[in-house]
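The two complexes that follow have chain A in common; it is paired with chain B in the first and with chain C in the second.
Let's turn to the complex of A and B:
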């Protein structure tokens, strides 16, 4: 072979390589072709979680991971509404018996034989070991971590209802002043203090927790990753030293999935955990490890109780891929191309997706489903009841003023303008899906009635909004820390409504610190606030109006400083009562008090619109931020087929472009060369 | 030349020391360590937790040297850490900053090196072509198109290309990144195309001006008079003699390939150093931001020195003394 032919061959190979590269590149599939047939759920995240430590993680993004990798003693029934607790790692819901005066002891029994995921941390105690059994002491250890001030858990307050919880935290702080004690591994520190006095392991699988009797809501916290069993070995091993990650970035858990890859900047991958008790012991048919056979009304018709899933072992999906999507438009477009299995409705595409509250024809034709779910939230305008004009010192006239102001705020219009209609007008603090919510209830002060409002203004002593003391329109302040243009527009909506009554409400927008200072000093009149429930119990909303938690009294979340003896008595009684007619009656009476007193103008309960591809099955919006991935299923063949149909490359512009270049350039070159000659 | 390099390194060191001092003033006196802690932990955390966080991050010492604390203060610590590349941990998520930089450098270079090379390979021949056809409609159209291309915001290029190429034509993924060799080319193709297109207008105009200036010199006229072909004149003579102004623009950009592209990485979700910087800005991650600004200043100094050295390499008449 001569040199020329070698050259020619090399050039040919170069061209082939170039074309191969071009073909490889000319495809918009963001995943390797080999993933096409696998049961992989594709999801996204905007910002990586700050921490995956179950004692600390408290945001939705983190919960998408911790909720799947950390299993809990209790969990929520996937389908039933109102929400219902079922056993998870525990064999049953906890039994209760009286403890020390004022305390109730909850007894949990863990299933014997459950194991953690495989991890090198377990070799710390026994060389060569890769896993071990989950024991009650692991839950007790995690409760100690919650109490440990160094962990900085955001849920110390509700867990302070556990007997000895606060004392344990204080003792730790004191003892750590001794450097010798502070140098001990945390598990030894906890052990040397004897743990939390109200938490006791009984054998390997029994756990007793003594909690204040007036806080039965503690059970809900045992359905959250805060109380997951955590092996001490993992906390000791993953300390961020010598190249080991921190425990906050490396979960060691026992849930249906395990964290396989964690790249905060681009990708998080969960894969089914072969050590999960549901996978290792399908014969147990534990409530949290099989698809439910019962649901809420309508679930059967919606196909959520289809025989192919009922009673089947979970999880159905083998792997969950979270890809980072910082921008909402590319993320949504990829959903429309079939590369994500679910998406929220972004405001930029709202009109394309939603038509008269339902799914648009275009989306429906693609087989996409819209699921709406009201979140356990409440957004409201509050009055500072310590204020002389709008609050308690103003007596009956101030109450009538609040009633009048409540009557002119149109929640329906507000949600239409500012949330694309995603929200249902609130009639009371309680959102749908919670015990105590009454679908038929209409708050007489939350129906827009301008005439009645004007009459109330006269009764309040402000005819046509004129303050008799000054002879000028009554002037009030609306305090906020939102200085954005969008925020100003929202507040303008309210001030315009109140201007119809002749009231001049000025928006006082400051930065957050200044706003906090105003709140601390009680120097505010009207504010807007929201609340997202930690757990689905009416107590978690009504406590926002309990006088013991008034901001001016104790710095608590009752920013309206509402104080009503009858309401307080009903609250304390309702709080520790199980769901039933008595509790319902008490809630109704509390609602009536709020209806008249108007510490809040209830605005709306946020509604989540979620879109799901047709190949994703068993989807029921849960409302709260619990990832219910283990119950979902998908059809990879249908997905692959749709992706192919929806993403055929369009190549004609390449030829048009080339032709255009030739037509434009060639005559010029020819002319130029001719002139030169 | 050795003396020159040492002198330039000395000037560079002064610049870096100055940048570090400005960084310290901006990041620790304008924003107090307490504010940094509260931004990281939230506004409602108890003071004890804030204090512990400050200790963990080394923000608990006095800001400036004082009698008895000449060494144990934040200013000295700031210089020590930066100069020894001990960047510590992120204020926002506690991850080691050096590790993040190490991880981010790969995706950044995967984007910026092909982008840089392709830009040169496309812009220089096109500029030569336009200069070759000077004063024809190809030249005029080229200049108009270049000005138009320069006038369009890079955001429009990004959003337009994502829509057209990614959504409508389905040629490449709209955004994202995966280091898997099977798919990495797909993810980088579109941002590279946009990067090349975005820089093309300015590059062509600049290179064209340089080439035209050079092609009007006496030696080129002599070459033409001697019957040398136009293609040969442009490629052999004009191009080679235009290298000094070209290098000024090119070599100074090389060190910044490491820091990635802020906008492209951010919009395409490429986990490089540019995206890390944008994240740090958005997430009030002061320690990462401080580090990235410091690295930027180091690279700037390196770029300047490399540019000067490259003059001597391409032009034997230049003597660095």
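Let's turn to the complex of A and C:
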């Protein structure tokens, strides 16, 4: 008996030793070991995109895929700021000529000889075929899909500026009431209606689009996946029946990468597309297929224009792996272990990573880089200018009141407390990186100046905030639908500032429906709002103050109900003018009007903090949600060695644990033995 | 009428009420011996409760005038309580740790270095001051809700138990219906309908909270109405109303007091849960906990907000529960008999 128990004890110890040895041999690398020296970019996603259909996908997660997979006629220059368009699939930026009255015709010319990625869908038209040439009719087809109510694209509104776009959608709906028509394949439906009247393909490679002359911003939409060429075969073939995936899950496209694997639950893989025009025709040295040779000031010093990349064919990275990470903390830990190449700064460990706006020492030692990019956004407090007290009916005194209120709101302090300092104080509606943004401009009413503000209160007829009508402090309401405790703290920050002037601003937090109701009835005084641009044009910000879009007039997004004839005239003229000194002058004048009128208290432009591993190269943050993966490069050898350094197994806890177990067991065993004897 | 005058009035009424109660207790041998025995059993818990009540009273006496609080000129025209005047006005910009001399993040100097016993919150408010202010809110919720719920429960309970028949059926039907609805959902729905205000929260808590005591008082009344002295009164031709007020109600009073104390702590806790769901009362400890919920995941951690409000809440509930338990022992005739 005794002997047996000793024997089994020894065997147990042997197992533990084996187990410890096995632990020493294995590691925590989540990827196959063979991938070590390949140029693979590791990224992640939280939820799989709802749709990869380029006509529908409109969120950052989906753009991470569609932006790499679908190529566009135009694209953004990788380095230059303000943002600049360069030709992509097109040979040049579009030429313009007047069309029907009120319309301008944009002419795009596609490069001949570009092919789609290989896909069985192309056998639909001609058995055995796996690809075909990209033609202008494919872009026209995609524009028809945008207009098609059945596709339900979220961007119908801007594209309605195309001549005949809305008519096409309506005609389609009407004709579909006839079941014989509705049963036709969509490409035949579009063809029998003759397509959109303002979109015409000229030969195989020419495309003419007639757009309202006051909407030159349409060009930016040709740099987004919404307008990339889509082969009708793919839409017809991938219908989700007989085991075929839906087109929304199976892109067939022309971009630098193709979707190789798509497992919505765990993994998405992009690999370099051998049919991409940049790969097939390096001799073209097309602007969208080689690394740029010039950039914004500072890019040379930042190493973004190193000779090893300039003029080289893209893409540098062969494969992009997206792994699903549902939680942010494990994701960030894997980033710190070197298993992801880029990460955002998560709130939970913000102070561990960022130290006074820069990278903490610990992170800097790891070779991690912090890139800050100002997003094309504006957050602001708006006044309802239809209001008796704060708005237009109040005349000059109300303007002084707005100016005074603007002078005590400290954006710097606000971002420091509520957004971890992510955001730069706004002086005007225009964020940096946009044409018309002036770095040296300081809005005299966006500085913190309590003394001046108190003087203005006296001039406005509210000395020390006392409303002469009631003899009590002036009472205003701040309307919001954010009832969370965090939200209340934010509003408290503003109301505390205004209390310094003797103004008692009450926060009226209601639910969203009640808030909407208040906005509809014009029963609001002060509100807080934000705007994220669709494309980097000053028009996309200044239209928020155009009187035609006033909430009280047309239900538009001008919630401040700002209406100023001079501003409107400048806006309409600026809108259709190309970037240049004239436009700059007009924007400056508009800024001047806003500066004095104060329909908004501009708070801040949001700043995106992104962390990149040292081995990821050519990283320049891009404010808009398009992946610039094809310009990036990485050093797999450096990555492999860092991963090894950062993932040394820590074995002492095992030995300590083992020792503890023994210490706990031995007395028990000893007692047991003694008692048995 | 200005809200602070109402508040002052309530304090005055409460003080008179307390004085009257003390006088009544001293006159009645039963009640005064009960209180003496309570004092002997739970001295500390009674003192802690008294401190909370004292703070709440000091926060309820308010008047206009005096200096402005830290440049806030609106406050000159607002009624401020004793607590506001003594502890308010030491506003900082953002977080600072208890007794710190610099800000928690960034390390900038404070306006009142070392002056914040429990630190400051996200927008620089003194946590000790906020915690003190919470006492009034907690007592208001507990007190006001009990004042609505207990008379309601007594009315229904006594009439169901004493008259029986149809009335009993109706009351019992009401009770079962309410009891079979998920309490929290009913609360949320009621507050959504009535809007978010202190009174709305109290009414909603009362509507969902009266059922338990109603059941108890009904059962007790059923028992009492069969006792000899009630039968005797009825035989002598005493009116129903007189029987109810002279014989039934006084014999339920010990239950009322016990229920009031125990219900009180439950209500304060319920409010904390409602605050966490975003529909609580402004300035309550529950709301402080709600505001602080992201602070625990910060690194380095901001703990003083949740610790202060949590401890204040815990202290009050614990003390009140101790008092309630002791009260039950003291007032229950069975336990009293056992001791003798």
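Operating definition for what follows: the second predicted complex is superposed on the first by the 648 of 677 C-alpha atoms of A that agree within 3 Å, B and C clash if a C-alpha of one lies under 4 Å from a C-alpha of the other, contacts with A are read in each partner's own complex, and residues count from 1 in each chain.
In this section, contacts are C-beta pairs under 8 Å (C-beta built on N, C-alpha and C of every residue); 3 or more make two chains touch, one makes a residue touch a chain.
The shown structure was predicted, so the numbers you read here are calculated from the model rather than taken from an experiment.
When both complexes are overlaid on chain A, chain B and chain C end up sitting side by side without clashing.
Once chain A of one complex is fitted onto chain A of the other, the partner contacts of A:125 are absent, as it touches neither chain B nor chain C.
Look at A:504: by the touch rule set out above, it reaches chain C but stays clear of chain B.
Note on chain A: of its two partners chain C and chain B, the one contacting more of its residues is B. By the touch criterion stated above, A:485 is placed in contact with chain C alone, chain B being left untouched. In the superposition on chain A, A:644 makes contact with neither chain B nor chain C. Superposition on chain A leaves chain B and chain C with their closest Cα atoms 11 Å from each other.
Residue overlap on chain A between its contacts with chain B in one complex and with chain C in the other: absent. By the touch criterion given at the top, residues 347-352, 356, 413, 416-418, 464-465, 472-473, 483-486, 488-489, 492-493, 496, 499-504, 509, 511 of chain A touch chain C in their complex.
Those residues of chain C lying in contact with chain A across their complex are 71-77, 91, 93-94, 105-106, 121-123, 192, 196, 275, 278-279, 287, 290-291, 293-294, 297-300. Chain A meets chain B in the complex at residues 21, 24-34, 47-48, 50-51, 149-150, 152, 173, 240, 246, 248-249, 263-267, 323-327, 329-331, 333-334, 336-337, 339, 512-513, 516, 647-650, 653, 664-665, 668-669, 671-672, 676. For chain B in complex with chain A, the touching residues are 41, 43, 45, 48-49, 52, 92-96, 100, 103-104, 107, 133, 136-138, 141, 159, 162-163, 166-178, 180, 182-183, 185-187, 189, 230, 266-267, 269, 271, 275-276, 279, 283.
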